[in-house]
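Going in written order, the chains are labelled A, B, C, D and E, and every chain counts its residues from 1.
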Amino acid sequence: MTNTLLKLEQINTHIEQFHILHNVEFEVSPGEVTVLLGRNGAGKTTTLRTIMGLNNASNGTVTFKGEDITKLPPYHIAKKGIGYVPEDQGIFYGLTVGENMRVGMRKEDDATKERMEWVLELFPDLKKFWKKPGGQLSGGQKQMLSIARSYVNENDLLLIDEPSKGLAPVIVEKVIESIEKMKEKTTVVLVEQNFYMASRLGDRFYILDDGMTVHHGDMSALREDEELKRKYLGIA
Amino acid sequence: MESIIETKDLTISFGGHIAVNQVSVSIPRNLFTSVIGPNGAGKTTFFNLLSGQLNPTVGKVFFKGENITKKSTVERTRLGIGRSFQITNVFPNITVLENVRLAIQSREKVRFQMIRHFTYYKKFTEEALNILNTVLLSKRANALAANLSHGEKRKLEIAMLLALDPELLLLDEPTAGMSLEEVPAILEVIENIKKEGNRTIILIEHKMDMVLGLSDQIIVLYNGELLAQGNPEEIMDNETVQTAYIGGESK
Amino acid sequence: MDLFLNLAINGIATGMLIFLIACGLTLIFGLMDVLNFAHGGLFAWGAFVGVWAYGITQSFILSMLAAVIAGLLLGLITEYLIIKPVYGNHIQQILITLGFMLVLSELIKVVFGPNILAASKPPYLDGSWEFGDVTVIKYRALIIVVGLLLFLVIMAVLKFTKIGLIVRAGVMNKEMVQALGINIRLVFIGVFMVGSALAALGGALFAPSSGVAYAEMGMEFGIFAFIVVIIGGMGSVPGSLVAALLVGLSNGFMAYYYSDLAMAVTMILMFIVLIFRPEGLFRVSGVSNK
Amino acid sequence: NESGGDEPSGDPQQEETEENNEEESEGNEEEKEPIKIGVLASLSGVLEAYGAQTQKGFELGLDYATNGTREFNGRPIEVIYEDTETNPEVATQKALKLLEDDQVDFLVGSSSSGDTLAVTGLAEEFETIMVVEPAVADSITGAEFNEYIFRTARNSSQDSAAAAAAIADEGVKIATLAPDYAFGHDGIAAFKPYAEELGAEIVHEEYAPQDSTDFTPHIQKIIESDPDYLYVVWAGANSPWNQLKDMDVQGKGIKISTGAPDIAALKTMNDLVGMEGFTVYYHTLPDNEVNDWLVEEHKARYDGEVPDLFTPGGMSAAISIVEALKQSDGSTDANELISVMEGMSFETPKGTMTFREEDHQALQPMYAIKLVEKDGYDYPVPELIRVMEPGETEPPIKNGQ
Amino acid sequence: MIKTIQKSTWIYIAVAFMLVLLPFFKDERWFLFLMIQVFTFGIFAMSYDLLLGYTGIVSFGHAMFFGLGAYSIGITLNFLESTFMNLFLGILLALVLGGIVAFFAGILTLRLKSHYYAMLTLALASLFLVLAEKWRSVTRGSDGFTFRIPELPGPLQDHRNLVVYMFCLVSMVLIFFGLRRLTESPLGKILVAIRENEGRVESLGFRIMPYKVIISVVSGVVASFAGVLYAISIRFVGTNVFGIDVTLDALLMTIIGGVGTLVGPIIGAGIIEFAHHYLSDLSDVHWIFERWIILFGIVYILAVIFFPAGIVGTLWHKLAKRKHKKQEMKQKTSDKLAS
């Protein structure tokens, strides 16, 4: 019990009149990478948004570090040490790359600066286009910016929605390495369609379908289990 | 082989930064061509230049031998160049079905009809539903496009392109964000078009397995320049491509 | 030459006066993308509170202070009751703020009576200095100074703090800003209050210059402020300053040289600017996320 | 009514009542049918203050003319006030309601010329007498005249004649400043011939936008034309007074003259002490019993407030209606009323007014005044120089043009 | 789909028919006049909705068309004899002028985005206002002028108001059905697409300019016609027809009724005119209502809070929600049956 960082119990989420999530349950242990899988429209993004407080759960609880955060406003949740990379990147189009990074910084101390340097090394493109408005970046560059922005804060938990989307293979590799590197300090919940990436990073997995958690287990098990893969992911 | 679209010294710079640099390529008709390259290499910009969203600083674009450099997006679409967008670009507050129907309406040249009721054109609706079926989206036909999940929007994006039924299809990362389960369906659609043999497809994609599986020809852009052009084997053997783009071991 | 100087100085002063009305709106309309038709109402309230406070205290400084405080309070109320439910929806903003504008203007009559109020200025700000043939009205000189000071302060705040960034980011993508740990509500309330206080201060400074405060001044000058913000380019504070000066100067010179068109100068100016620069003089990139 | 005793015309009214009672015996059984008057005024919006003055004046006028009984020949007089909101469309709608629904016998109003013009046609259509008060546009009794229209208010031309009489003289150089819309242009156009006839020379005409924030360039031009007098026609809250002071126009030897406005606006004219001009009304200026009654009664009813610029107008309109009824023996038939009202004279707080036969414009006294500082007043007080008799400010007849 | 359309059409026709009968039950003229105002402003607001609701164009200067219409008819009938020939001439003039001005205004929408276009139209309308103010020999400036409308033949003259009422009502109904057909035509669908995403419309192969110009002209002509009706109903024209208030009225009626619904603006016009009428009468009831404008303002505020998408829009929304719920229930039961 003590070993859970994040826990979702009986989460139901409505968007307007639509009932999107039905009794979603899952648990994240510290230091692990948990992967959310499922087909389009299954409710993965909604799950992450519900954790962030961007969608409100109509019932059920989200517990983070033993504390009920279900009803907290998003900024409050973020301040508790949760970073978020949304699937649409969430770039402020009119602000420059630098300004985008600056808005995202929760603190401006030395540790942050250090992380900033590391991030810019990771994605040199961002350094190159530091003064360019975010809206003018290429699709992949936007993705990098979104990831980078979440990296500069010290997060206990990072929710990442499809980071590999639109990234060139080299960069995907870099992102994988970076997440591996952060793992000790930062727990990660990852939504990922790129099975290669998911299986390299994931410790545990959950499969969502039609707003319900239909399966979960260790990633290693999934990697071997062709049957499961075919059933839920349509791959062999 | 006869080329359907051809560029000559195509160049564009955004306030000093040259995004596409003197690219001259010729895309053969009815072949499947892929464009690859690192992020920010200029692939999307290259598409924008072909489809008319952007005008080149220097250089020319020829479509079926005709110089279309000065032509607008609208004219190029009417000539038969259709595209999908990397960042989804649909009509958010109308239904999925109407999104697709608009594309059909354009293809059927029903543009200034303001007397008839839109339901008069029954076959548009039927066809739109058919297309939604092929991209596995018919279940969401009556949802507002804004309410789609990301992957669903990508499918809608493709559906609209199919509805337009252009001679030249420019696909900008059509399967980005699409689930593993659904990619095959989309691939099938693309493969079917390819098989029909009278359409030309140009694809931007980072998923190398897909690129290699589909392409007859691959173009590599790097820093806005044309780095290489050739069949998949040639490209995979190219060392620069390997180090600059693909990186370490990759699937 | 003297004539030219006279016209120029008065034009600049008028421009500054207009800037005082517009700068609050630049912040609210430009940064927060809120079409606040009640802005003029806040301006009128500032004028009335200023006149009233001056009548009681006989202190110019205190009257300005009173107006600012009234502006802050009204700003808080406005944001909380009126604006909060309609962020991001221009159509609803128009309707609700116009309704609130009616309420504000009418309330002025309830509180201060239906008559116009005479606004006087302290004796030390009365009259003018004469330099040869050049007349410099003291109060107008004060307005130029205050306008410049405000401009510098606003610029400094926007430049050296994250506030400006956060507000702009918040308008572009409110959810994301929150997900980054920022309580955007608080920031918006704050900016809205400051914007309202600036409007009220504008009103309080304006009344003694024209000598009266009247309930309808809100609507009249509210639209004027919109024009200036548009000419300057939405969201650009320097743009508003330049636009305000341009409006002031062109009004002055046109009134002198071609007074037949004086009524239309501002509109013609806006027309010309928009035809040649469709996004205003100073373009702020991507205020909206499209 | 306690002050009814001073009212001289009390007795004849009584007699008439009796006479009528005999004639209309069938009406005696039940309540007598009331005489209805509809008053249109701006009771909200920009001209609200004017509307309120008219309303108060009208109330007082009725009480005065009927000795507080609000009856005529035993028939109660009923007044319905409607707010035009200074919007012609609303004015039309309210007028229709009054004319058709309430079947008023008289219309009175309104505070703006536009509203009034929108309604005068209806008065004609319904064959109902309309007493115009206090709208000033010349065209109401001029180009747009119809015979149902009577005006107790002075018109622009009378203002101008008064203004000219107050300042114009042989060899005097006059510059003018007016708002750049119909009211201003009409005012100056009417002023010019009067002033020129008196030997003055108009050296410069300046028009400034009504809502101008900066009058200095206009004032600059006026100063350059170097006149003896600056005649200002102005109405509305936003005014040039402050800047005239700031630019030290009077210090440069230019005397300012204008029509003194209502008290609220006078408060903004503190800088113009010493100015000579004219006014339609200020409560200390007229010297007659009606005015004494008005001032006293107004103070008594309204918290010690004195009547303002348009209060006597409202009162005059009420008095003129009662007077007309008297002369027509209580008939509310419009054609009969027209015939008695044409040329009718009646006593008002401003003295005797006469509806001129040709255009139904009431000729009335105006006042040449000077603004002086006075203890206990927070505004410059108009002080009488002389009363201008009605004939002195008689405007040209322009109906049907 | 077709079924529902027919159903709503029948409802509209029934309502129109009731409106035809209305004056035979309540024939006070002020009431008819009020209804005429509702019809004219209903038409005007519909023309506004065409821009705002269907094409996403915000205009702060729509009054210019209204004013053009009012002045065209007023000046024609004032300067020429008041005959039917000239009445038609005046209407024709109004429509043509409205169309021409709208054509140029429409071209400008291409260059300018949202607020900037809105303010540009504001400038245009103000210039017309200045023109009306300055061209006094024709317009009589801010005082305005009255004019006569031609006499109707024989007995009809006695029921002139009824005739004007019917004329306005029929105009409104015809315009409503006409515009509704327009918005539901393929062209109407393109307009909505333009509202939603201009750039994408082009890459589907539609040129934007003709559509914006077409809709601007249609809207301008209809607005101008509303101005004609307005002037005819009060037989007076003053500069107020070019005022910002007129535009704001149209805007408010459209928003209150429901943007992009066409019936909404008519209902909005009804609500605003009647609320205005009854609220302003309240001041007779009690002095506390002397400041009835405050209540009027509060109506706007409450409208936004309770009907965020306008009255019609919000009701439709609710209806859709209910339908969805029903469908969901059905689906659930059928799912259960299937499994």
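Criterion: a contact is a pair of C-beta atoms (placed from the backbone, for glycine too) under 8 Å apart; a residue touches a chain by one contact, two chains touch by 3 or more.
Molecules present, by chain and UniProt name: A, B = ABC transporter ATP-binding protein; C, E = Branched-chain amino acid ABC transporter permease.
The shown structure was predicted, so the numbers you read here are calculated from the model rather than taken from an experiment.
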item	value
Interchain contact steps from chain B to chain E (minimum; 1 if touching)	1
Centroid-based (C-alpha) most distant chain relative to chain C	B
Rounded Å distance between chain C and chain D, as computed from the means of their C-alpha atoms	38
Euclidean distance of C-alpha centroids - chain A vs chain D, Å	76
Chain centre separation (chain D, chain E; CA means) in Å	38
Distance from chain E to chain C - Cα centre to Cα centre, in angstrom	32
Multi-partner residues of chain C (at least 2 other chains)	109, 260, 263
In chain A, residues with contacts to at least two other chains	18
Set of chain B residues in contact with two or more other chains	none
Chain pairs that touch, as defined at the top of this document	A-B, A-C, A-E, B-E, C-D, C-E, D-E
List of chain E residues in touch with chain C within their complex	52, 58, 108, 111-116, 119-120, 122-124, 126-127, 130, 133-134, 244, 248, 251-252, 255-256, 259, 291, 293-294, 296-301, 303-305, 308
Chain E residues touching chain D - in the complex, by the definition given at the top	28-30, 33-34, 37, 133, 136, 140-146, 230, 233-236, 238-240, 245, 276-277, 280, 283-284, 290-293
Residues of chain C defined as touching chain E within the complex	35, 81-82, 85-86, 89-92, 94-96, 98-103, 105-107, 109-110, 223, 226-227, 230, 234, 260, 263-264, 267-268, 270-271, 274-275, 278-280
Contact set on chain B toward chain A in their complex	14, 37-41, 43-45, 86-87, 140, 147-152, 154-155, 173, 176-182, 184, 206, 208, 244-248, 250-251
Of chain E, residues touching chain A in the complex	321, 324-325, 328
